[in-house]
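Okay, so chain A shows up in both of these, paired with chain B first and chain C after.
Let's look at the complex of A and B:
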């Protein structure tokens, strides 16, 4: 266990988020079982009040959750000096088997949390709580994941032991037995680049279709999710090469550093933001024409689609900009 | 879009005026909040500044130091080791180093004695030694040698400049001859060996070879030293932080209590707001802005105060714990090293707990029935 201030702050944060989500989950279970909008009973009244509590809790939790994703990467990067062979966050996360799963959980939780907030937004716009059950069912999926993330994060940090000088000999001998590889398996650049631009174009086209004609919402959402995955893979496969101007460096974390002008934040913010809004568009599809949602969801979906397309477009533009002005030229 | 911004602006304005209306109550909350931020921020700033200094000092350290152990304790290295190590492939240079500690009984300080190429009878001293002995260039310093015969009279050639204060405050540099005389140091031995290696990637292989050849050798890499320093500071900081968590906890209880114990006037106010058409979500937004105003003010005040405390006054509150102590301690000003990362950590350690502590009380306040609130 490393008693680093950032580690302590991440653990505190996870603990708080865990408690809060647990609380929200408990309310969620009661709502799922006892919700009856037609009833005027005291229970129903108190449940209606508690929905405010749950939305507030989750809004805060999710904002902090997003921040903790970046703090986690930053901390991993900051700690790399403590481990033999770790060059950046990629190496630190590889120190034990929990590092990458935690990162993955943080990203998944981020996407789910963002989607939840979108559903919640739509729900509060309707007078008859049309999405309430779906919303709380989704919450019951998120809550265990957030708790699991907190647990895994604890396992990760408690399993970190710095390689420091001991009294008998240098820590040297740990070096022969174990080597933390910071290498990230990357897909071949050329096919990946084709897939990347194809996915982005597909998102643009399907988004255009959905925005103007109101058709193909499912398709758009699915395509944007695929584009997100392809985007992440491309970041590792070929975009990173242009950022670092090195044909062998595939690290997805170094670009968050000052040396690269914090370009990584712009890349991840646009990509993750686009993924959330794209996902949100799809999740809202089943309620598109139901009850009071007729006036709300189509309009909201249009906005979400527009945001997705703009964010992905920005991402692509940043990538193109890097490729154009990079000192590296790949022989395609 | 404009309507949303207008709504937020109006509610923010309202929350500012409502905060100002309860000046004393909020001022005490703000003061304690600021104090907590200040304490943790000072700690983080101080740690990062110290780490930076350590890094700067170790930048010029040799790639590898080889010591010799005897029965688990560090002992002198025979110069024959140096020759054999120098013959290993990949070693660029082996420098036997002579250094030690001299206990200066008149002042009670421990001096670090090192050797350099310089004429016998002369020394260079660090500014800490100069202060301790009240001696400057051209003065003569007397050191008691180990063989109890004649004391060593050494003339100060130079006082090392202030920039090297952190590394060199307690330093005395003398010739090899004087060094051997002072400590009755055996010929053909050195304190340790400093290695320069052509390719840093071969360091660990070389260290392995050295240990194979001399099982009593203890090679220490520069990266290991850096790592150790880093984790020592992390550990010290973490320990301090764990102690401070008690303070943070009591602050959270205080904040919770403050947020729960609504005065009759506040309840009435919320009741009136709701009866004139404010929705629960509007009241929650009001509470959010109140919390944001308090948190951000406390955060900024705390950070600025900590900056002044650490970088202008060298953190008098934390120094003894984090720096360690010694009779002959360097005096130095820390160089500002603040980045977004530290501020992020600080934000998580202070604002997040406060925010979570006030969610439920705020919700309770926001969901009061207007008639019940006004009647109470």
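Let's look at the complex of A and C:
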């Protein structure tokens, strides 16, 4: 293992997160089985008291969970000099077979943790615990993933040794590589660009409709999720080409480096942030017109929709800017 | 008006420890709106504990308390009026506590070193109401209780009877519908205790619900007392005839 401060903080963060979701999960199971707001039993009253504490602890845990994705890619980027053949985070993550699964888990957990925070926010605005079951059901979905991520991350870091020979991003994200990253890299640039701008426009239009008319919440949420996936694929297939000004370099990690103005962080933050708020908008839909949530959720969903649209718009503007000022021109 | 309905209210201290102690045990009681209800009982019988539960200053171990007829700003319009306070999250409870209940404590709990007027206005600050509004109300209350000339004096200059009236004025600053007084006459002589009961009469006429814990005969034998509830060892031994 490499005793780098960022590695140690990631391990500590994931250990703590694991412990927290385990403890909270235990309360969650009791709430799912025994919660009854009508009852004045000792158990019910103690659950009501515990849920304050548990929600607060979980909120902090999940904020750290969200930050850990960025710390993880930062660390991978930062350590690449230690491995023979690595030129950016792509190589570091490829040092053993756990690097990429951890990244994927962290992205999934980022989206789930963000959604949980949104559900929790709505729940605590109500006076009658309106989303309590949904909140803990979601927790029971996230908890195993957080634990699995912690375990995989441990295996990843414990298998990191200096001077291991790895592949560079040029090989990993090449159109000729026969794996998922290679397949995405090989997606033709032009249709991908059309799909990208179409998806972003669809998010804008459906978001506009939902924001002003209060209609099509599900549609907006689904469209924003699709736009997220299209955005990630586009990043590898054609946006990267403009960033690096090379017709064949598809790496999604080199752009995290100083050489490219750390533009990768801005791209990932806007895209992932927009995905979370878009997802959260949809998850809240079933409670939109229920009792105490009537005065909370519609307004909250409008804010989330606005944030999604703004973040995706920022992402698109950065992309357009890179395309306009890139030395590369693809023959379209 | 808000009827306060207690259902199977219990309060234990030190739950799960050897020193576990049940201060209030399975109490069910309806407190009538606009009436004077007296809680009577020996020391340690759970009167103060029960009143802190009703006034949302502590949560019971089990049981529910409903303020029926109550309608809070944050309630959905189609919900029937009535708020169950024991399950309310803290942020909503604060709102109820400040607007519904006024407290008069045994020791008066006035803050030394600040003026009478500031003491009276204290519970109004957290409501976020405009300062001029509640300062005006405080002035009216001080007039009403003939302590206006002491408005800017620090409380330590006041006599026992005056302190008593400052404490009552403070309990009324947010115009609560329920006044909770814990042994309000314990430190007063007979004349002042009778004066206190006169004020209770005025408040009752103004439509307030009044709950007083006391083992002072001037209080529980007063013709103003609509109902005397007796407690012993955390249980109600006699809940008196309903008014």
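The definition used in the following text is that the second predicted complex is superposed on the first by the 309 of 332 C-alpha atoms of A that agree within 3 Å, B and C clash if a C-alpha of one lies under 4 Å from a C-alpha of the other, contacts with A are read in each partner's own complex, and residues count from 1 in each chain.
Quick note on the criterion: contacts are C-beta pairs under 8 Å (C-beta built on N, C-alpha and C of every residue); 3 or more make two chains touch, one makes a residue touch a chain.
From a predicted model like this one, the values you see are computed outputs, not experimental measurements.
When both complexes are overlaid on chain A, the residue A:303 reaches neither chain B nor chain C.
Set against each other, chain B and chain C touch different numbers of residues in chain A, with B touching more. Applying the stated contact rule after C-alpha superposition, one finds that A:124 touches each of chain B and chain C.
Legend: residue contacts after superposition of the two complexes on their common chain; A:40 is shown touching chain C, with no touch to chain B. When the two structures are aligned on the shared chain, A:67 is found in touch with chain B, with no touch to chain C.
Once chain A of one complex is fitted onto chain A of the other, the partner contacts of A:10 are limited to chain B, with no touch recorded for chain C. Applying the stated contact rule after C-alpha superposition, one finds that A:329 touches neither chain B nor chain C.
In the superposed pair of complexes, A:295 makes contact with chain C only, with no contact to chain B. Contacts of A:201 after superposition: neither chain B nor chain C is touched.
Within chain A, the residues touching chain B in one complex and chain C in the other are 49, 52, 124.
For chain C in complex with chain A, the residues that touch the partner chain are 7-8, 10, 59-64, 72, 74-76, 78-79, 86-92.
Listed in rising order, the residues of chain A touching chain B in the complex are 2-10, 12-13, 16, 19-20, 49, 52-53, 56-57, 60, 64, 67-68, 70-71, 74, 78, 81-84, 124, 162-165, 167-172, 175-176.
Against chain C, in their complex, chain A makes its touches with residues 37, 40-42, 44-45, 48-49, 52, 124, 127-129, 291-292, 294-295. Residues 43-44, 47, 72, 204, 207-208, 211, 218-221, 223-228, 230-231, 234-235, 237-239, 241-242, 245, 280-281, 284, 341, 344-349, 352-353, 355-356, 359-360, 362-363, 366-367 of chain B touch chain A in their complex.
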